[in-house]
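Order as written gives the chain letters A, B, C, D, E and F; numbering starts at 1 within each chain.
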Amino acid sequence: MWIYEKKLQYPARVCKADVKMAKYLIAQYGGPDGELAAALRYQTQRYTMPTGQSKATLTDIGTEEFAHLEIIATLVFKLLKGVPVEILKREGLGENYTEHGRGIFYSDTTGMPWTASYIQCKDDVIADLTEDMAAEEKARSTYEHLINLTDDPCVKDTLKFLREREIVHFQRFGETLGRVREFYESKKFY
Amino acid sequence: MWIYEKKLQYPARVCKADVKMAKYLIAQYGGPDGELAAALRYQTQRYTMPTGQSKATLTDIGTEEFAHLEIIATLVFKLLKGVPVEILKREGLGENYTEHGRGIFYSDTTGMPWTASYIQCKDDVIADLTEDMAAEEKARSTYEHLINLTDDPCVKDTLKFLREREIVHFQRFGETLGRVREFYESKKFY
Amino acid sequence: MWIYEKKLQYPARVCKADVKMAKYLIAQYGGPDGELAAALRYQTQRYTMPTGQSKATLTDIGTEEFAHLEIIATLVFKLLKGVPVEILKREGLGENYTEHGRGIFYSDTTGMPWTASYIQCKDDVIADLTEDMAAEEKARSTYEHLINLTDDPCVKDTLKFLREREIVHFQRFGETLGRVREFYESKKFY
Amino acid sequence: MWIYEKKLQYPARVCKADVKMAKYLIAQYGGPDGELAAALRYQTQRYTMPTGQSKATLTDIGTEEFAHLEIIATLVFKLLKGVPVEILKREGLGENYTEHGRGIFYSDTTGMPWTASYIQCKDDVIADLTEDMAAEEKARSTYEHLINLTDDPCVKDTLKFLREREIVHFQRFGETLGRVREFYESKKFY
Amino acid sequence: MWIYEKKLQYPARVCKADVKMAKYLIAQYGGPDGELAAALRYQTQRYTMPTGQSKATLTDIGTEEFAHLEIIATLVFKLLKGVPVEILKREGLGENYTEHGRGIFYSDTTGMPWTASYIQCKDDVIADLTEDMAAEEKARSTYEHLINLTDDPCVKDTLKFLREREIVHFQRFGETLGRVREFYESKKFY
Amino acid sequence: MWIYEKKLQYPARVCKADVKMAKYLIAQYGGPDGELAAALRYQTQRYTMPTGQSKATLTDIGTEEFAHLEIIATLVFKLLKGVPVEILKREGLGENYTEHGRGIFYSDTTGMPWTASYIQCKDDVIADLTEDMAAEEKARSTYEHLINLTDDPCVKDTLKFLREREIVHFQRFGETLGRVREFYESKKFY
């Protein structure tokens, strides 16, 4: 079970009004390679992991991704808060306003609702960890696109932090994959 | 952010081998009215709630629903663990085995992957809380169907606990709706 | 069965060219909380309702929602009729034009096709009627967003009529829920 | 707008308990080529039809398909009414029971919720009417599969009536296509 | 099996920078009536075709549609190559850039990922070929919308070639339908 | 463009009637990790690959996956051909028969239609190739599940061939990733 602690893992600061950026950022909330996809993928794969270390790694990183989801939501919330309807219309967020007001929904940047079809769980530790490494690379790539789309130094700072975390997770999944291979080899030979 | 505590909110015990029940239980994992739907719905609606109490209620219940998700996963994991392929085939889980082995995936009982289309967030506290009350009633109803589908007293016990929690949540959302109405009336008149 | 009468339940007038509004209005045609979702939800829930009055209420309101669907389609049709391709492009409807010309399709404002995942039918009168009350609140909220998005007094007038009907439906579902509870209590005790 | 008349277009009789048939019949309720798909397709294409006759044909047939939807729902309702949970489980309807009890939902036979992706509206009378002719052929083919799947003479009788209607609709769409071509040619030359 | 030949069936030339056109063209890549839908529909229907000629026609046209898919991809790739992020943002492609950079994805113009729900395979030669004729008409109609959306003579030239091919395919499916009817009649009487 | 050669890359032999296996095999036709997903993923990623070798690898392997798709379809076609309706019903293929007769459709084992949400294209060579390596591991894992689900030596033989190809593809993607890294390093330093 989880305990909620009322603080963000990293500050979600916004220095500049940039309504369009709210729409792009939603990619990391409910998009195919976003934080929700990562969190849910790892939390369900852990049940069939073969070792304590691999289970723990998936639980830890999965829990951290929920914290990242909260950072993204906070950025989007700040970017949209109090923005007049006229500006939402002009900047291409009239569609979002119609369906969700200034609320935050689990969709990709084009309004496609999040689907579990984005993720997989094979009950095969090699396949699952390789998929997790790919997930981290795809999330890193999306963060790089997002960093190119803004010139707000505060938003950039938060996105760079999140981008760095994906690289760290990629490495941890790589190490876990190595250890799991060792575990299977030790079981076979001794 | 969240902190993971390595314990279940309530024991997930299984007394009887019943592979088919694993398939039915998945309704509360990745089905339209399941625990994932509840957790994600409340966690995203909280950003546009108008009062501290309503924000806190959604955060608390949303966090508890993640704990319920974990209970359901544990039941399914126990029901499927070590079951031979022949029995999975005979009991109608050959399809699941093909795609996910004995792993647990976010789908409804028929294999339809979870989609955010099941949930909504309107940035309208009356609409959002009424939708939450409906969500709890629909989850209660699914638990009642599941209780009718098994005669395993252990599984029944866990499902009854979860069913009770939905009723408590329904009441808490009802109270929150009352308080929010009071808050708006007090703002209007003074 | 239904008989078609060639008239609208309420006039669908447009006083001002406003192509973008056609895109927003589609929310109430094929969006998650629109008239199609309402009509189809009530028409299928009626089969398992326990009393004649609850069956009749769902049939009546379900039939009225089809009339609303027609009003929305007429508004969209009038807003798009004869608009040159250049203006559709400039106003953000080039995508719609590519796929559907000036035709009207069952999607939300972002182009996501309507899916039955938006609605539910639990064979549980309490759950179903609570979901219906939530549906009416969500539709009301969408109409309020739409009213904020236009300054055409004719479109506003039609939207206000439709918004009022949702409030009336909400109340009728509430009364039906009360009566159904009475029915079950009377059955228990006498 | 529509007026509901409390009678079925054709009797929906069931002579034999056959729970599995309820599952197959749902194809014509919420499946890709079912009555809902037909009704909604024609009702939305009519707005951009070029002649009074083509508009009227789509409205008429679209309205009749809603009557067929009601016939299918009545068959399914009768086949499922009062069937004990144990038999639903044994006959492969435990999944449906978990999510919807004995209620009727808009999905295909495998539980996939109905989606507007099944249908199209191109604002091109030739393309739209050709798609409608294909829709009628696909529905006819599904009815033939369903007739092969049952040996209940009552259900067969109803299905044969519905199959015949699809053939009549196919012919009416063909005639309408012919007339529309004549209309365009007359406009070109005189 | 297939052998890849490194040439396009028809030149994919672009004379004018027109980023928005890249977004519209994607309709024929991953949209409901696009080349992918056509190719996959014919390739899977061929297995249950009753005659050698009908099998061969579906295989041939299905293979040609893959060549068309490649032409569309090449047009989109050329239109997007090297376009600065600022221009992508201004022209309404910021969402695509966030998720896919300047890559090409199987979605419709609004970002909805391609789904097999767009196509059908009934194991009924009349239904399948009628659906194929409808598919060709819908694709023709989309090409006409696209031709109206651009004034680049090079892009128009390629689109006109592709539009012509759809008309030829429509005719070939019509002839195949005629021959299949003859085949069945000859089988019945001799 | 592609040229069709009327032969299979590897024989698709079936020694034993096993209708259920047809349903499971469909996983590799239209499932999340099947041959269609692989073929389409590689064919679209190739446009933004940075080197001739990486483009060629994706084109080659993508073309081979279409050949595998054809092998799977042939196996399914043989397993279903001429099987009486009664047996399809008994073995759990009555749903498929209702919608598709004995035809082959792009869905997963549970009837969920194939969706492009399963795949990704990031215009980032590292992310794309890592995703491709994960795709091959997931396909290998599905083949292993399928091999466990049958005791037909002919079907097993074909599945083992296909499984081996996935391992070879995984290695080729790994080598390509290595070469691409070298390419970028050489560009940076000289």
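Criterion: a residue touches a chain if its C-beta (ideal position, glycine included) is under 8 Å from a C-beta of that chain, and two chains touch if they have at least 3 such contacts.
All values derive from a computational prediction rather than experimental measurement.
Steps from subunit C to subunit F, taking the shortest chain of touch contacts, total 2. Interface subunit B/subunit F: under half of the residue numbers present appear on both copies, so the contact uses mostly different residues.
Seen from the C-alpha centroid of subunit E, the farthest chain centroid is that of B.
Distance between chain centres (mean CA atoms), subunit C to subunit D: 22 Å. Subunit B and subunit C have Cα centroids lying 28 Å from one another.
Remark: subunit A and subunit C have CA centroids separated by 34 Å (rounded to whole angstrom). The residues of subunit E that reach two or more other chains are 32-33, 92, 99, 101, 107, 110-113, 115, 117, 120, 122-124, 141-142, listed in rising order. Contacts between chains form some other arrangement here, matching none of path, ring, star or all-to-all.
If you check each pair of chains against the touch rule, the ones that pass are A-B, A-C, A-E, A-F, B-C, B-D, B-F, C-D, C-E, D-E, D-F, E-F. Of all residues in subunit E, only 1-5, 7-9, 30, 36, 40, 43-45, 47-48, 59-60, 63, 66-67, 69-70, 73-74, 77, 99-107, 113-117, 119-124 touch subunit F in the complex they form.
By the touch rule above, subunit B contacts subunit C in their complex via residues 32-33, 115, 117-118, 120, 122-124, 126-127, 130-131, 133-134, 137-138, 140-142, 144.
Subunit B meets subunit F in the complex at residues 85, 89, 92, 94-95, 97-99, 101, 107, 110-113. Touching subunit B in their complex are the following residues of subunit F: 20, 23-24, 27, 31-33, 92, 108-112, 141-142, 145-146, 148-149.
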